[in-house]
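Chain lettering (A, B, C and D) follows the sequence in which the chains are written, and residue indices restart at 1 in each chain.
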Amino acid sequence: GDALTARYLLQLADDALIYAQRLGEWVANAPQIEEDMALANVSLDLLGQARVLLTRAGELDGTGRTEDDLAYFRDEREFRNVHLVEQPLGDFADEMARMLVFAAYQAQLYAALVDSAEPTLAGVAAKAVKEVDYHRDHATQWVLRLGDGTSESHERMQAALTRVMPYVAELFADDPVSVAAADSGVGVLPSSLQEAAWRHVEATVEGATLTMPDEPRHRTRGGRDGIHSRPMGYLLAEMQHVARSHPGATW
Amino acid sequence: QAGHPSFDALIAADLRVEPRDDMPEEYRSTLIRQIAQHAHSEIIGMQPEGNWITRAPSLRRKAILIAKVQDEAGHGLYLYSAAETLGVDRAELLDKLHEGKQKYSSIFNYPTLTWADNGAIGWLVDGAAIMNQVPLCRCSYGPYSRAMIRVCKEESFHQRQGFEILWTLMRGTPEQQAMAQDAANRWWWPSLMMFGPPDSGQDASKGHTAQSMAWGIKRFSNDDLRQKFVDMTVPQAQRLGLTLPDPDLKWNEERGHWDFGPIDWDEFWRVLKGDGACNAERIAHRRRAHDEGAWVREAATAYAAKHDASRAAAQESAA
Amino acid sequence: GDALTARYLLQLADDALIYAQRLGEWVANAPQIEEDMALANVSLDLLGQARVLLTRAGELDGTGRTEDDLAYFRDEREFRNVHLVEQPLGDFADEMARMLVFAAYQAQLYAALVDSAEPTLAGVAAKAVKEVDYHRDHATQWVLRLGDGTSESHERMQAALTRVMPYVAELFADDPVSVAAADSGVGVLPSSLQEAAWRHVEATVEGATLTMPDEPRHRTRGGRDGIHSRPMGYLLAEMQHVARSHPGATW
Amino acid sequence: QAGHPSFDALIAADLRVEPRDDMPEEYRSTLIRQIAQHAHSEIIGMQPEGNWITRAPSLRRKAILIAKVQDEAGHGLYLYSAAETLGVDRAELLDKLHEGKQKYSSIFNYPTLTWADNGAIGWLVDGAAIMNQVPLCRCSYGPYSRAMIRVCKEESFHQRQGFEILWTLMRGTPEQQAMAQDAANRWWWPSLMMFGPPDSGQDASKGHTAQSMAWGIKRFSNDDLRQKFVDMTVPQAQRLGLTLPDPDLKWNEERGHWDFGPIDWDEFWRVLKGDGACNAERIAHRRRAHDEGAWVREAATAYAAKHDASRAAAQESAA
């Protein structure tokens, strides 16, 4: 059904949108100017994916909402992104750990979705596979450099890997919407992406002279149902405040 | 001091001086100071707008804003590279910025209070910057002039985007119109100050203008550029429907220029000396980002050294 | 005129409101539980002052706006508070430096305003003099303890004094609204409060074995005209987001 | 083990045991564990609501919320003081909390996602807490029972405030009603879990219930309290116009109680063992506040020592 497809697109869009928002916070805060540019690039790519997906979701769900209606006028409980992307900035190693995991996931995701029965999604995927390949490579190169750099960077990178672990399982969990979307040929089962994505992560970690952390005691859950973590409310307050302060305005 | 005949000949013929060319030490140091200040301005200039990336009121504007701030980072890189051709390096220049030993454009010590400020910065600040920079595309120092050609192309794009932000606001709700007018009110005078203090007529002997002109680094006086900017901008303000905050602004038929009121140079000097709204914040922000990133840069250097060494060893054993 | 009085009340209210908001951030973050309670107390007192003043301002300015209209539906440029109160939390010494300066100011302010020609303001002042006396004493005691505590606390307290200095002059600057309010018997000239307020600060600093910092190179200005610093936008986004997300709702 | 005849007599007569009284070591350690857990719950319980102080949607609600969180801090203080009468000190108990060696109520590992959650916490969580705590006002240990009398008075005030938040939302916009219903959906089951696992009927031999009852620390079984809570709360939900998320909820004429569906004890144990939404965050928050405040507490101690010493010296020289 269209409502289901819309809901599936919304999940993908929200992951991209919220991560784009977080990466936007790095701009003018990165360790070097080249990295300000690179992080801005990744942010822009994700924002681009989000915009097309949100627009299409608003068409399919019958509400006629625009990309901006969906980004600026939904409440926290209506956002469908995983917890990984909403976490506040940590240090640069945290960001590279997050990007490595997320881009490894998205690389498999979009590779599968180029054949989606939903044409807009197939189109987004065709473009995104190349973008995400760059994101994954960028994170990979940094994990290698930090892991095999100085002893401080090695320790920080190892600690960041440990900190990112609780957020991983949620990416590959088969939520009902993804299951239904996979059944209808629109989507792909998240669990089917895990092995290939994780192979890349593990190879990178090994190449970086780091070790894979133990399984975490805690795993995040609920993002796809609009259950978010504490930082999400503040993120949305910041993101939406100007738009909400001028209802009905055009920018 | 020894003469520099080949340099003098290049300047006289209005040709480009290149890094390998002999040049007077003062020419070199003037250029380093100016290019570094220009590069620093791009980097510090990322902050006032970067501040609004997370709050841009539409996704389209957010994307445009990220791309713009990214361009500023890129301009900073071109310019640091141009400076490096004169025998300094970026890390050294950044240290001088962080220690307050080199300046950046004082305009960035003004705060961005509302979304409309992003429009005003594009329209007025980038507009003034272009006015300053276009002549630099013909600067006598080759690497600087080539960097400026790239920069100017992108800047004029930014200027149009700024204009368009304000255009949209002026066609929006009363609150949006008020926001745009308020931004114009606050940015107009500081934009005029961007051209620097008076340096024509009785002020012509002050500052570096004369020497810089002789060397082909500077092509027009501050006052001439300021007048050109006013002449260009007033009709744009009229098209936007904005009132510029100067009761003395009026067309002077005789001069063929817009007359404008006196600039508050006391404010200019106060802000330049550190007592502007954001001086401390801008430098503290840069230093924090730089200091927090030190371990990352060190790691990259260490990694490169290791892997260059192992590559070299591999090549050696293969040879 | 009533609009002028309203505007004067708004300045006083915004100082109290925004500082109450910042102090609210300390709750569950203070160095000890007693201090969570004490900072909550100060926040509550200031919030109480702000609520009465905002309500009266909305009556006097003819717009009929309620305290919540004024707190939640004004934009940044319409807030009239000084920069001091909008600054983000620093360490505990920063907070005690801010509280010492602000309460020393407010103690003189409200002592003068008990005779205000505006009865609501006189009433607020009569109650507030006692509250503010407690705030000032609380900050004073902590500045003494930190200044004359350990060498770390001495250094931190000294550094905090240096950091607070750029924000002081704005409190005692004679803005046109205060001048007019003083002329009409409603208000008091900020500059007339400085000597007594500063005497308390200096005595405290001396008693704490600290030294008064040099005059700062930079002084904040413009708060009374709605010119704020970078942190103000984020503060308002957070404070107003829920209210703005539900226009017209009652809570 | 030696007998405790005076203690046994006090318990038998349902009189209060006071700090100076002889008492079995296990009674003491059970009380320390329970009072500390209770105190920790008040302190950790400041976070889920404290999180909303800056965002409360009206100034009146903001004031009420600050006062409520402040009360929770106060409850923590009473309870740590009660624990201190048993020969432990607050710093030691806080260390155990921070190291995960002592627990706090698992309910606080659930997140507060919307403003309505502040209503649901007051109504359901404080409601359940009161149901647990009222019998503790008659607890055999004097300092604990007296602390609980103060706490219960304020808690019932909080419960009414929570009810009123939801009452207002349910009479508000459709979005506000949905927000209230969503909060009730999420907090209902965790509130029922607050009474602890089953301990009556065939489960009566598990856990500490029997011993605690014999010592007059506990007066009712978990299951009895849970049933009382359900019976009290269902009519309140009806008055609010909220649907409780349990299809099995129905009045049992025969029992004179509300029947309710099975509780997901797997979730309870999972969260208790650390895999709840906020376990890590709550403790990390506490530790950060505590660690960042260490220098302040040290300064206060150093100052007091100096000034006590100088006071003592002054008294000595005056003598």
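Heads up, the rule we're going with is that a residue touches a chain if its C-beta (ideal position, glycine included) is under 8 Å from a C-beta of that chain, and two chains touch if they have at least 3 such contacts.
What you are looking at is a predicted structure, and each value in this text was computed from that prediction instead of being measured.
**Student:** Shared touching chains for chain C and chain D?
**Tutor:** Touching chain C as well as chain D, we find A.
**Student:** Could you state the distance in Å from the CA-based centre of chain B to that of chain D?
**Tutor:** Once rounded, the distance between the two centres reads 59 Å.
**Student:** Whole-Å distance, chain A centre to chain C centre, using C-alpha means?
**Tutor:** Distance between chain centres: 41 Å.
**Student:** List the centre-to-centre spacing of chain B and chain C in whole Å, with centres computed as mean CA coordinates.
**Tutor:** Computed from C-alpha means, the inter-chain centre distance equals 37 Å.
**Student:** Would you give the residues of chain A that are in contact with at least 2 other chains, written as numbers and ranges?
**Tutor:** Touching at least two other chains: 75, 233, 237-238, 241.
**Student:** Where in chain D do residues touch at least two different other chains?
**Tutor:** Correct list: 55, 175.
**Student:** So with touch defined the way it is at the top, what topology do the chains form here? Options are line, ring, star, complete, other.
**Tutor:** other
**Student:** Which pairs of chains touch one another in this structure?
**Tutor:** A-B, A-C, A-D, B-C, C-D
**Student:** In the complex of these two chains, what residues of chain A are touching chain C?
**Tutor:** Interface residues on chain A, with respect to chain C: 75, 233-234, 236-238, 240-241, 244-245, 247.
**Student:** Which residues, counting only chain B, touch chain C once they are in their complex?
**Tutor:** 51, 55, 111, 113-114, 175, 179, 182, 273-281
**Student:** State the interface residues of chain C toward chain B in the complex, per the touch definition above.
**Tutor:** Within the complex, chain C contacts chain B at residues 75-77, 166, 217-222, 227-230, 233, 237.
**Student:** In the complex formed with chain D, which residues of chain C make contact?
**Tutor:** Listed in rising order, the residues are 17, 21, 24-25, 27-37, 40-41, 43-44, 47-48, 50-51, 54, 67-68, 71-72, 91-92, 144-146, 148-150, 152-153, 156, 238-239, 241-243, 246, 248-251.
**Student:** Flag every residue of chain D that touches chain C in the complex, lowest number first.
**Tutor:** The contact residues of chain D facing chain C are 43, 46-47, 50, 53-63, 66-67, 69-70, 73-74, 76-77, 80, 115, 165, 168-169, 171-173, 175-176, 285, 289-290, 292-304, 306.
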